[in-house]
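Have a look at these structures, which come just after this line.
Below, subunit A partners subunit B and then partners subunit C, in two separate complexes.
Here is the complex of A and B:
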C-alpha cells in the first residue's frame, strides 16, 4: 500500500548558513492585517515627529576670516574644497572634511567682490575693489615660494562679479559692462552693455554655456548671448535683483534673488511672467544657489537666515538660522547636493545639512528601507492637519517672527485697500493683477 | 538703436529655439518616478576576454602554473571560447527540451490509457436501453453526416449510399432481423403476455422492413418540403410544453412570446392594486418603516402573505381606506397619493387588455399547478418590476406588524385557501378590486391634496400653492419629496443602534436547516441596544442632519481636497492603499517606497549635458565662435568704413 506523506522542500524553510535571516513565511491576507490606514497614519505621525526631533542641520562653523565673508566658490572636482573671499581682500581655501583653512591669500586691497574656479579645478579667479582680476593656482606654492597670482589684469573700472565659462577657457566679469575674457589675453574679447548702471553679478548658463545672465542696480535682469556678442532681453522688476542662478538641470530656468524679499523663478523664453514667486524672507535676499539636482534652491537673506525652497513651491520648506549668524551674504549648495554652506557678515562660514534630519554616514539596507518608507508615509499623509502642523513647525528668532507678523498685517492692509478701491471705482478701472505679474515692471526687447 | 533692437530680437528668437530642444527632457525629468544622480552613467563597456588576456601577464608562480595547465588542455584563448567537449554538449538536446518532450509523451500515454479504460467500461455496460440509445445516436449521427456529405461531396455520398445498400443486401441475405433468431423466438413466446416483448418484436420487424426496403434516392426539394411541413405541423404549444418540461422556469421562457405576454398583463394588474388597497386599510395601524435590504426569499414570502391578506381585507372592508382622512401620518398619505396617480394610468391600460383576454387568462391559470404558481409568476415580469417593487416596499412598511406572524401558519392558510381562490374566485374579486380602487382614488383626491407635501405643515396661501404646483410640474416624473422622506427614514434607521443577537443556533439543542433556536434562548441572548439621544432633526421634517461626524476624528481628517487631486475619491484611494511591508510583498514594498531623487554620497553631480541625453553638442567652442564672429563683423565694419571714406 502506498502511504502518502506530507513532504516539503527544505529550501523553503532551511537557512543556508546560520548567519542568514530566518525565513518567515508571511500571509498577506488583508483580513489578517486590519486597520491599514490608521496604522499607517500613526506611523506617518511618528515619522514626522521623529523628523522634527532629529532635525539638527548645523554641522560646523569655519572661522578664520577677519572680515565678513563676501563670496564663496565650490571646487569643480573636489567636494572637500571650498574657497571664500572676505571683505578685507583675503581669500581662504578650506578643507571641509578637516574643517580647516588650508591656505590663505591676501588677494586684493579692499573687498574681494567675486571668486570663481576654473572648470578643471586647477586655478581660480578673483576680482576685487582694486580694479584687478587675478588668476591663482589652486595648489599651494612650494616651500619658500611667494604667494603670487598667475596672471593679473588691471582694468579701468571696478569689477563687481566674475564667473567662469563651464567648458572653455573664458570668463566673464561685470561692472560697468559685461566683459568676456579669453584667459590668454589681457583685453576682453567682447564687452556687452545695455543701459548705464553698474552690474551686480553675472552668471554663465551651465547647460547652454554661451548664455549669460546679469543683474544691474537699475532693477533689471539682462540676458546675453556670448556667441552673437549681443544682449537678448531685459526684464525690469520692482526692485533691484542682487543675483541670479541658473538651474543646472533645466537650461532655460533661472531664479533671481530680489531686494523686495522675494525670489523669482523665470523661464528665460517668457520673461513677462515669472513661473513662481518664492516668498518667505523678511528682508532683502542677497544670494541664491541651486541644488545640483535642480529640484531645490537655497537663498541667503539680510534677515540673518537661509531658506530652502522647492523649485515649484512658493513657500520655503526649511529655514536655518543660529543666534550668532548675522546677515548672510553668500550661500552655496555643495556639488553632492547634501550640504549647504553660507558665509555671513560675522566672518564665519557655516556648513549645514541640506536635509535637516538626515542621518549622516553609511546606512544599512534596513535603515535605508525605513528611511524611504518614512519618507513616503510623510508624503502620503502630508495633507492631514496634525502631520502638516508638526512638519511645518519651525522655531524662528524673535526678530524674524515679529517681522513676519508685521508683514502679514501690512500685506493684508494693502490687499484690503485694493479691494476697497476696486469696490469704489468704476468696474474694470482697477484690474486684478496676479502676484506673479505684480512685480514685473516691463520687458524690454 | 532700432538696428540693435532688431539684432537683439533675432538673437533672442534664435536662442529660444535652441533652448526649446530641452523641453522634452525637462518635462521627462520633472515627471520621472525616480531620478538617480549623477545622471551620466559610468561606461560599463564589455571588453572581450582576449583583450583582457593580451594585456595581462602571469606574474606569481601560482598564475604561471594555472596558465601552464590551461595551455596543456588546449583551452582556447581566442574566440570561440569553447572546448570541443562543450560544443558537443551544447549540440545535444537541452535539458528543457528533453523535459518538455518527456512531458508530452507522458501526457499522450495517460490519454491513451484513459480512453482505453473508458472504452472497456462502456463495453461492459449491460443496460440494453443504454446500448439502444447509443445505437440510435450513432445512426442519427451517421444520417446527419451523410446529409452533410451529400451537400459537400456527392461522390463520397454515393459511396456511402452504396455501403448502405450493401448492408441492406446483407440483411436480406442473412435475414437477421426476421423472427427466426433465438431472441426473436423467445420474444414471440413472451409476446402473448408481455406488451413490451410485443413491442420489441414489432420494432424488430420494422427494422427488418426498413433494412430490406430498397432505397429510393429522393430529390432534395421534396425532402425540404417534407421537413417544412413537419415544422408547421408541430404546433407551438407542443414546443412550449417541451420547454416547460426541460427548462428550469417555464414562465420565464413563456414570457418571451408576445401573446403570452399579453396573457400575463391582466394578471399584473391584479397584483398591482392589492398592496395599495391593503396599505390604505392598514395605514393608521402601523407605519413602522422597514429596512430596504431583505433577502429574496423573504420578499417572496411577504408577497405571498400580502396577497392573501389583501384578499382578506377587501372582503372585510373594501372601502376601509376612507378612514385615512383623519390619520396623522402625512408621509404615508403623500406616498400613497403619488402611487395612486402612477397607478391610474397603468390600471386603465391593463383593464382594457383584461377585457379582451380574460379567456386566455383563465386557461393559463388552469394550466398551472396551484402551489408552485406564485414564484414563477412573480419572477416573470421584467417590464413591471420597478413599480411593483416600490409598491411592495410600501406595502411592507405598512404591514410589517402582520408580517411578524409565524410563517408556517401563513403558508398553511395559503394552501388551504388556494383551491378556491385560484382561477375563478380570484377573477371576480379582481374586477371588484379594480373598481374599488378607481372609486377610491377619485373620491380621495381633494382631501389628500393638502397633505401631499408632508414637510410643510400648514400652507394654504395662494403663493405657496402656486409654487407647489410649479415644483410638482417640474418634477412630474420623479417624486422628490417621497424620495427625500425615504432617504431620511433610511438615514434614521441606519443611525439607530442595532440589537446584538448572540444566540448560537444548535447550542444546547438540536440545530440544522429550518430549525430556529427557541424563543427563550433568543430572548436571553438578545442584547437590546440602548435608546440613543433624540435626533437633532427629529422635529425638522425638511432636514437630514448627519450625526455621524465625529469631532475628535475630524481633527485628524483632511478638510479640503489637496491641490493635484481633482476628486476626493482619487485622494481617498491614495490614502487607502497601504505602502508598508505589513501589507505588501517585499518587492512591492520596495517599489512603492522608491525615493523620487537618489543621490550617491560623495559623487559630484554635474549640470546636465547635451551628450547625457543623446543630443549633439556643438563641436565649436564658444570662444572660437565669438572670434570668428568678430572677425566677420570687423571686416564688415572696415568695408563700411572704406565705403564711407570713398564716398
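Here is the complex of A and C:
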C-alpha cells in the first residue's frame, strides 16, 4: 500500500511575526474561482459607479481680468505658465501652480484678438483691434523699466488672429487676408487671399510645419502652403467655421468648430467628406483644441459648456459646466494632457481635469494596479445596458437639457418629413444624403 | 557606398553592412575568433539577426532533456506567436544559455485556463471589430499561457492511495491508513461518540477549518476541527433538521422543527426567520449570499443573508421537499422529488429551469461536482446514476446498489461518496475533471451507526460523516484540492484577513437575478436585441444605413472612361460577386449534405439522390 495524505505545514502559510506581511498563496485554477463573469460584472458596475461618484473635474478659477477673456495661449516650455488676452486689451500671464496672475500688460486698445507664443518660449505675440502686432518678452521687465513691446508692427487693417510657426521665426496673421511675416521685418513676406471676407483664425500645422489652415466668414476653410504664393484648396460648409485645430499626432487631420453647433474632423487630402461630424453642442462652437495625444479634443461653445470628444466618435464623452460660467470663448488642453483651461465671457479662466474622476497626485503601486484593473473592467463591460447608462449619465443645466430635447424633436420631424417625401416621389429622385455629406457645400481647388 | 552583392556570402549585402556597422567593439578578454556571420561560425550556429533568416538550430536532444527536466506532461507544439526567439546570450565565459526561448507550456494545463472556444470561427464583421476580436483572442491566449506557467509555483501535491499489485484499495481499512500516514494527518481521523442526541447532520465551513454539527435531538455544536477547539455547544430543545455555515464560520443557520434560526459562533441566537418554516434542507450560495431552504410545505425559499430579505419563494408543487443540492458552478438548486424527477431552480424564474426524470422511484439523494459537469443521484430503485449536466442531461453511468444510497457527496477533486446504511463507499475517477467510475470502489468504511449526513472537507483529505452514533472523520487520500487560493478561501486566515475578505465579498455580491444555467452567458453578445435594434433603425430611417453600396467605377484617365468601358468594369465586379455567392452557396450545401450523412456507414449508390 502506498499512501500520501495532503498535509500542509502551517509554517508555510502563516506569517512568522506580526511585522511580516500576510502570506497569500494563489491558485488561478478556474474551478476555484467560480462565477468569474458575474463577479467581474459586479466589479465593473461598482467601478463605474465610483467613477461617477469621484467625478469632480473643476479645479480652480483664475480671476483678475476686467473684461471677457478672448484668447488663451500655452507656454511651449513651462507647464505652469499660461497667457490670456481680454476684451479690454489686457494681457495677463498666470502661474497655474500658484493659481495667481504673475504679470499684467495693457497690450492693446480694444480687444486682444489673438495671442501666441514663440516656439522657444522667450517671447509672445499679440494682435489687437488697434491694427497692431506686438511682440513681448516673456520675462517681466526689470525694476524701474517700463512695460514695452519688443517690436510693434502697424498694419493697415484689423488683425483677427495670429499663430506662430512651430520651428521657424515666422508667424501668420489673418484679417482681410492671410499674411505671413518674418520676425525681423515689418512687412509681410507674402499675403494670400481667396475671396473677399474677413478671416477669423489661422493655424499652423504642428507636423507639416509649412501648412496653414484658415477659416473665414464666408463659410469656407482654406488651406495654404507657406512655400507657395497661392492657397491650396478650400472647402465650403453650410455655415461659418469659427476656428480650426490641427491634430498634433496626425499631420493631415484637423477639426473645425462650426456655427451650426457641430464640429467637423477633416482629412485634408479628402475634403469632400469629413471623417466625423461631432454633434452634441446646442449652440455655436467657438473654439477647439486637441489633446497632445491626438486622440481627443475639447470644444468650447456659446451654450456655456465645454465638451470633450474622442476623435473617432460623433458624440462627446464628457461635458463640463458650472452655474457661473457664461459663454466660453476660448479653450486649451494643457501640454501634459491632464488639464483643460477655458476662458469665458464673465472674465474668468477655469481649470478643469481632463479626466473628471482622476485622482491627482502620486499614486501608490497598489492604487495604480487597482485603477488599471478597474479601467479594464469598465472597458470590458461598457456595452452592458446598466453600466452604459450609469457611465453616460450627466447632469445638465436646464437650458442645455431642454435645448437638446427641442433639437431632437426638430431633427426627428425633419427626418420623418424626408422619409415621407421619399415615399411619395419617384424612386431615386430624393437621394439619401449621409449626415457627413449633408453639410459640405463644395470643395474648390 | 557599395551596393553589389559580395560573392561568397549567403546573406543579403545590406543587412551584412548593417551588421558590420553594429558590430560590437571587441574587448581584450574576448576570443580572437569571434564569429562574424552565421555561416562562418564554428560550433553551434549563432542567431545574429532579428528577422529570423538564420534561425537558431536547436539540437534536438536539448529540447528533450529540458522536457524531462521541467515537466513530464506533454508539451505544446510551439505557439506561432512565440516564434520570436531571443538571441542566445553569451556570457563572459562564453557559455550559452542551455534553454533559449520562452519556457514551454504543457498543453493540458494551458487548456484548463482557456476561456475562448477557438474552434468557433470569428464571425464575418467589420475590419475594426474583427481586429479588436483578434487582439482580444491573442491576449486571452497569452494570459492562459502565463497562468499555465504559474502552475509551477503551486506548493502542494494531491494525496493518493495505491494498492500493491492486485491489492484492492477498497479493502484497506481506515486503521491501516492512519498507521501509514504522518502524525498530523493521522490526527485528522477521529470519532465523536455522541449516541445521546444523534443522528447528526454536519457541515464544514468554506475554508474547511470549522465543523458544525446538529443532532436530531437538538444538539448543536461548532468547533475548529483541526485544533479540536470547541466554539460553542448548545441544545436548542427542538429537533434539528439541518445545519449550515453562512459565508464565514461566524454565522450558523439551523433548520429547526418549526422555524429557521441563525446563531453566531458563541451560540447566541441572532435571528429567528419565521418566513421559513418547517425547513428540511439548507443550502448556502456563497457568492450570492443566499440561503436556500427547502420546506415540508413544498416551498423553495431564498433568503438574502446580507440584507435579511426573502428574495424568492418558489412553490415546487411536488409535495414535501427533503432532497436538495446546489450546483457550485452556476448556483442552481437541484431538488429531488418523490416521483423520481430532479428539478433545477433559479430564484429569477418561477418555473423550474429543467426537469430530469432520473429514477423509477423517488429520489433519495443528489450531489453535484465542483465543476458543475456531473450530477450523481440515487433513488428508491436502489440505483446510483451519474448525469452529464452540460446540455443534454443524459445518464453517463449507472449502478444498482444492494441497499441504495441515502446520502451522496462529491469531493473537490471529483471523488463520489455514498452512504448506504452504515457503510460508506467512495468511488474515484481517472483525473480531476472526469466522472467517477462506479465499477470499483476506491474506499469503503463501516460505521457504528446509520449515515445521516456526508460532506467532504474542502482543502483537506477528509470526509466527515454524521451518523446515529455521532461524527466520524474519515481519511480519504486524494479527495481535496491541494492548493487553495488565499484571496478566495484561506484556511489559515487571521481574523483581520477574514474581515477584509468579508467586505470584499459583500462588495461583489452577485445579484440573485443573474443565476442561470450558464454563468458565462453574461459575457456573450446579445444578438437578439442587437438585431431587433437594427431592424427598428432600418424601419425608422426608411433605408439600411449599413447596406453595401453598389460598385461605382472611378473615372480613369482621359479618354479611357467611355460609357461602354465603365459599364464593362461594373459588369466585371458584379459577375465576380455573383460567382462568389454561388461558390459559397455550393459549399454550404455540401456541408449540409455531409452533416446529414450518417458517419461510419458505407457509401451507398442511393446517396446521389440525397438532397
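Definition applied: the second predicted complex is superposed on the first by the 422 of 445 C-alpha atoms of A that agree within 3 Å, B and C clash if a C-alpha of one lies under 4 Å from a C-alpha of the other, contacts with A are read in each partner's own complex, and residues count from 1 in each chain.
The rule is short, and it goes like this: contacts are C-beta pairs under 8 Å (C-beta built on N, C-alpha and C of every residue); 3 or more make two chains touch, one makes a residue touch a chain.
Please read these numbers as outputs of a predicted model, since none were measured by experiment.
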Ask   = Which partner does A:27 contact after superposing on A: first (subunit B), second (subunit C), both, neither?
value = second
Inquiry  = If we overlay the two complexes on their shared chain A, which of subunit B and subunit C does A:228 touch? Say first, second, both or neither.
reply    = first
Message = Going by the contact rule set out at the top, does A:252 touch subunit B (first), subunit C (second), both, or neither?
response = first
Inquiry  = After the superposition on A, what does A:423 contact: first (subunit B), second (subunit C), both or neither?
reply    = second
Request  = Have a look at where A:39 lands relative to subunit B and subunit C in the superposition and call it first, second, both or neither.
outcome  = both
Ask   = Of the partners subunit B and subunit C, which touch A:60 in the superposed model: first, second, both, neither?
value = neither
Request  = Once the structures are superposed on A, label A:8 by its partner contacts, choosing first (subunit B), second (subunit C), both or neither.
outcome  = second
Message = Can you give me the overlap between the subunit B contact set and the subunit C contact set on subunit A?
response = 28, 30, 33, 36-37, 39, 41, 43, 384
Key: subunit B residues touching subunit A - in the complex, by the definition given at the top   = 4-5, 7-9, 11-12, 14-16, 18-20, 22, 26, 29, 35, 37, 555-559, 562, 571, 574-576, 578-585, 589-590, 592-595, 597, 599-610, 621-623, 625-627, 629-630, 633
Ask   = Tell me, which parts of subunit A touch subunit B in their complex?
value = 28, 30, 33, 36-37, 39-41, 43, 76-77, 79, 165-170, 180, 182, 189-190, 206-211, 223, 225-233, 248-253, 268-269, 292-295, 335-338, 369, 372-373, 375-377, 380-381, 383-386, 445
Query = In the complex formed with subunit A, which residues of subunit C make contact?
reply = 112-113, 115, 147, 150, 154-164, 167, 169, 172, 176-177, 180-182, 184-185, 188, 287, 328-331, 370-371, 459-461, 475, 477, 480-488, 490-492, 494, 497, 507-511, 514, 519-523, 540-543, 545
Inquiry  = For a test of understanding, state which residues of subunit A touch subunit C in their complex under the given definition.
reply    = 1-8, 10, 12-14, 22-39, 41-43, 46, 384, 415, 419, 422-423, 432, 434
